[in-house]
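In the two assemblies presented below, subunit A is common to both, partnered first by subunit B and then by subunit C.
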Partner chain A sequence: MRIARFLVRRVLAAVPVVLAVVTVTFAIIHLVPGDPVQVIMGADADPQRIAEAREALGLDRPLAVQFADYLGGALTGDLGTSFFTRQPVLELVLEKTPQTLQLAVAGIGAALLISTPLGVLAAVRTQRRGRKAGDQTAFTMWTSILVATPDFLIGTILVYLFAVRWRWFPVAGSEGVPSIVLPAFALGLSLAGIQARVVRASVLDSIDGPFVRTLRSAGIRERRILFRHVLRNASIPVLTLLSVEFGRLLAGALIIENIFARPGLGTLIVDSISRRDLPAIQGEILIVAVIILVVNMAMDVQAAAIDPRVELH
Partner chain B sequence: MTITAPAPPRDRIGQLLHHRTVLAGLVMLTAVLAVTIIGSAVYPGDPVTTHPLNILQGPSSEYPLGTDQLGRDVLARVLHAGLLSIPLGMMAITGGAIVGSTIGLIAGFLGGVTDTIISRIVDVLLSFPGLLIALLVVAILGPDSTSAVLAVSITATPSHARVARSTVLNLRSASYVEAARVSNTRTPAMLRRHILPNVRDALIPIFVIGMGNGIIVLAALSFLGIGVQPPAADWGVMLTDGVRSIRTTPLVALAPAVMMYATVLSINLLGEGLGEVLSRFRRTSYLGAE
Partner chain C sequence: MRHARLPVIWLTVALVAAACSGGETTETTETTQAGEVTTTAGGGGGETTTTTEAPEPSAEAFSLVVGVGREAPSLDPALNPICCGYENAALYDTLVALLPDGTIGPSLAESWTIDGASITFELRQDVSFHDGTPFNAEAVKAYLDRVVDPATNAANALNVLGPYAGSEVVDDFTITISWDPVYAPALVNLANTSLGIPSPTATAAGTLEDHPVGTGPFEFVEWVRGDHLTLRRYDGYTTIRDDMANKGPAYAEEVTLRYVDNATTLANLLETGGVDIAGLEGPDAIRLEAAGELGTFRYPTIFLRWFAINTANITDIRVREAIASSIDRAGMVAAGAGGLATPHYSTVNSLAFGYDGSVEDVVPHYDLDAVTGLMEEAGYELIDGRWSQDGTPFPTMVLVTFSVDPYRQEAVLVQDYLRQAGFEVEIRAVEVAAAISEVRAGNHDLYLARYGMFDAGTLRNLFHSENTPTVNPTGNNITFYDDPVLDALLEEGGQETDPARRIEIYSEAQRQLASAMSTFALYEAQALLLFQPGVDGVAIHQDGALKLSELTKG
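Then we have the complex of A and B:
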């Protein structure tokens, strides 16, 4: 019940943002310098065909009517037709979305795989050394090497090392599980840096906490305390972090796809921009934005479900 | 009597340089800039001349880093690309920082409806990744280097606006500012002595880290083929060429990758270090302790 109310409030809060996104994507075609139809069809297109296209895109109608139509379409899942492939934009986008989401999820997995042991080890070490003040600065400095790593650069370096030099994984493509390993790590590495800081901080927070003392006095083994209780506690801030960072991760996936020649939303958007397929771009950006909003919302709700202390406002 | 904020600790520069992270970043950045600027001036190779007979060669005495798929000198290209990537990225962020901080200051000072409207817009912009906003701008303006620079500028605007605004808001309720106000300090003096130095210290780390980010986003756009357009080449364009031939001549991709990584890493270290030291300065001035 508590969660349901939280969900409703969270959805209501997102409505104006969604409206803003719809308005901005609607504006794309009208903000193009010069005549958008000329831009789409090329400078030397036949005037007759330009007039036809203008009518087909509905650009000859009053702006308010166009907006109402676009908004209505967006709400009912009609995002117009790609000017290049003549396919419905929604169909184009939905066809590629699963690949991109798959990569994003794999990236999160890779980040967790790196950050959890790193954060835990660092916390345990700080604890053993008596929590010296400099430890935090040093850890921040070392992890900033990960954080400052642009995903498409590390992608290139990973391809060189693991695909060209040692041939452990394929250079490119999207066939089979091995093909997603390198893109996932390329994507997850910079997230892992921030995550490791969060894991370290929250492990340090609870490693001396009252519940740990209780467990210890009950004779529970240290290892079990760490893995079953301390880490579970650390999962809440990690989840919050994922919610904040998801947008960046998804944006990273759009680039990484291009390095590894994986068909997805990233390659789709870049193709559309290069072809100046404005109707397609509108729909693609709208969907990416909505995915980010929905995932943020889902993670917030999830965090609220795990942690009874989360303020439900 | 005029109460002024306590003077900042003597020799700020000395304190900054004393910080390990700041120093590491500064040394690395100087090295990268020196290699790029001096290297491109001194190295005789030409970045654009194609040598059809010498394509995709490994390192040799003639071409220290080999050649790309058009037979161009990779070393010359990576040095000259730096002369494009670094200034363009910095220019873009500087523009965005000026506009963003101004907007944030206005929102913080005026408050009321202006603040509400500006803050709402900034919130919406910040809830999406910079790259998505950059893609949107490039989609509107068309894929070339001017729109890419403008796009990167726009991605830097909201973060600067938010920090400038929140610093002003915090200061407005700070007790020493209140004290200055009741003792009749005039607005220009108030701004110069109390508000702007603090806003500046809060913005510097954001600005520096933003530069690293700007260089990345710009290179990402070029890498995707919707930023700097060939034959001009920044590190992003070089990377596109390099990834295509990574099996045969990995240096074509690794050279720009390493240079860019070093640049961005040094800028980030510098920014994070500055953030730590400057927040220490600010804390002392809030508490009025020296």
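Then we have the complex of A and C:
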């Protein structure tokens, strides 16, 4: 019941956010120079034909009318038709979204795979050896390197080593599990750097807490305490971080999709922008905004599920 | 029937030409004209031979994966804004074909007669579409009428078809197509794959976009947008095209076009065998060619690197000549094009009808002494390495170009050359559509871009005063130069149907243009196909599309 009320509140709160995104996107794409009709018709198309095409696409109407028309359509699920591919934008976007989501989730998975053991080991080591400057410096250095290295550079290095040089994984493509390994790590490694620090800090916060001392005094083994109790407590900040970082992860996916030739939203957005495919740009940004809002909501619900003390607002 | 060389104006995009690595993003009609030169793997250059016969087909069935940098947004030729892609050439045949020697040859039309503004075609009687629909005059009429129908909202096909006035079906296999007014490039434009004929049955059923049906050597199997297009050999295919060595069905049983936007990724796929053949440009192409492990096919393109001066801002012709004399074309070829180009001087590329190479004599060459002479004559003196007049430095010039490589890199080169010659340049590298808007608004002093043409008649689109943006907001004369003599020559060339006379007119036009010191070609680009050992029969159509039906794999 509490979750249901939370979801209703968040959906209502999302409406003005989505409206703002739609409005700002509309304004920006119409301010940016470049004529979509010229792109479609060609630079030396007959001016008469260009005028006819502009009228056919509704681009000769006042901006306010175009915006109202778009909003009206969007409310009924009609996001318009791509100027370039002539496909309904909703269909176009839904075709590509699963690829991008798949990559984003795989990226999160890769990040957790690296950051969790790294952060836990660093925390346990600190707990046992005390806060030695050398350990701290090494950990900070390696995680900083991961954070500072751009996704595309990581991706390029991974491709060169694991695909071109050693041929362990495919260079590009989207078929089969092997094809997602390198893109996932390219996307996740940078996030892993930040996450590892959060994991380490969270585990250190919990590892000597009162409830842990109680568990130890009850004779519970250290490993069980760590993995069953400490990590559970430590996961809340990690989830919070993921919620915040998800937007950046999606942005990174745009670049990674290009490097690994994965036909997702990222490639679509870049192509749409360069082609001035206005309805497609509008629809794609809207869908990305909705995805981020939904993911944030889901992360909050997940946090509440893990820790009943977390209040849902 | 002897097919006379005819005046041709192929639709090209002068300004909308983003050379996005490997994948050309915007909607350039990426056309090339090829000689049939193949090199074999095993060395940096290999042997070059002229291929006129089809290679021996493999005994076993095989499939091919072709890496393609740019995907067609639509497989319906009427709606596809991009001309000349692999897709159109594989799925559809055109009425006529542009041959390597610049003449027009038969394809779906066996022969034709020209009568003023009309052409009557005798069509082949032994052709069917992939869905079994017979190819005939009605099918041709249906498509051409559909292209001009406002409800279709056709793209490139509409531009290419020109002032189409209608078609008359004389009998099942005879059709008369008319234009109003007389349209000089009519016949050659019918060789443009945007005017490849689709099945009227599929068109009427509304399934053409999702399941394209033509008479081409391949039929449609599957299209995953952004990823790949799978085509299957059409076993009933035959052609009478003079430029095709293989007149029957394709050798490959199946061909997959794999869409890869990123040039480095495409290069990696070639290296690792992820694709059998792909076209590349830039450093990746040079690297792989030099490695010598892949077969190579280097061929000239129609594209020129274009350097233009806004004459509305830089009004002194001596200054413009000095600017032009500051740029070293050989350096641009080596450092900018990575050697995949040749220095060029005429505003018309060498493969185009009407090209006059002698224009090189009247176009400024790299000469810093000449720069000094011209600027001093114009009343400037060199102060602290910068030209100044009455103590005031020559204004910093704004160079607009595209924010993708190699344009961005080459802009830096040009800036450096000009700086060495005493000029300051500020580079404004922006996205393609934005760059075009900027130069149309006249917010530039210099412009670095590219264009290409099959016929010198395209000069009118680029340099006639009627196409100055102040007159025509979508015009391409971004030099803003108004020359009545040049205008008259370009108009005369567009109306003249005698090829010999057209050559004279356009030779004069190129010289007249050169004298304006407003526009300069720096180099003519080459393109490179790389392929796995065992792949043979590599050849391309005149528009740059790969002849997929002639490829073999051993």
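Simple rule for what comes next: the second predicted complex is superposed on the first by the 279 of 313 C-alpha atoms of A that agree within 3 Å, B and C clash if a C-alpha of one lies under 4 Å from a C-alpha of the other, contacts with A are read in each partner's own complex, and residues count from 1 in each chain.
The definition used in the following text is that contacts are C-beta pairs under 8 Å (C-beta built on N, C-alpha and C of every residue); 3 or more make two chains touch, one makes a residue touch a chain.
All of these numbers come straight from a predicted model, not from anything done at the bench.
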item	value
Partner chain(s) touched by A:Ile292 [first = subunit B, second = subunit C, both, neither]	first
Subunit B versus subunit C as contact partner of A:Val32, first or second or both or neither	both
First, second, both or neither for A:Arg276, with subunit B first and subunit C second	both
First, second, both or neither for A:Val171, with subunit B first and subunit C second	both
Which of subunit B and subunit C A:Ala53 touches, first, second, both or neither	second
Which of subunit B and subunit C A:Val159 touches, first, second, both or neither	both
Subunit B versus subunit C as contact partner of A:Arg248, first or second or both or neither	first
Touching partner for A:Phe84 - first (subunit B), second (subunit C), both, neither	second
Touching both subunit C and subunit B, counted on subunit A across the two superposed complexes	32-33, 39, 156, 159-160, 164, 171, 258-259, 273-274, 276
Contact footprint of subunit A on subunit B as seen in their complex	20-21, 24, 120, 124, 127-132, 135-136, 138-143, 212, 216, 219-220, 223-226, 239, 242-243, 246-247, 250, 253-254, 257, 260-261, 264-265, 267-269, 272, 276
Footprint of subunit A on subunit C - complex, ascending	11-16, 18, 20, 25-27, 29, 73-74, 79, 81, 150, 153, 155-156, 158-159, 209, 224-227, 258-262, 264-265, 268-269, 271-272, 274, 431-434, 436-438, 458, 461, 472-474, 476
Subunit B partner contacts - residues on subunit A that touch it in the complex	16-17, 20-21, 24, 28, 31-33, 39, 137, 140-141, 144-145, 147-150, 152-153, 156-157, 159-160, 164, 171, 247-248, 250-252, 254-255, 258-259, 269-270, 272-274, 276, 278, 281, 285, 288-289, 292-293, 296
Contact footprint of subunit C on subunit A as seen in their complex	32-35, 38-47, 49-50, 52-53, 56, 84-86, 92, 95-96, 156, 159-160, 163-164, 167, 170-174, 258-261, 263-264, 267-268, 271, 273-276
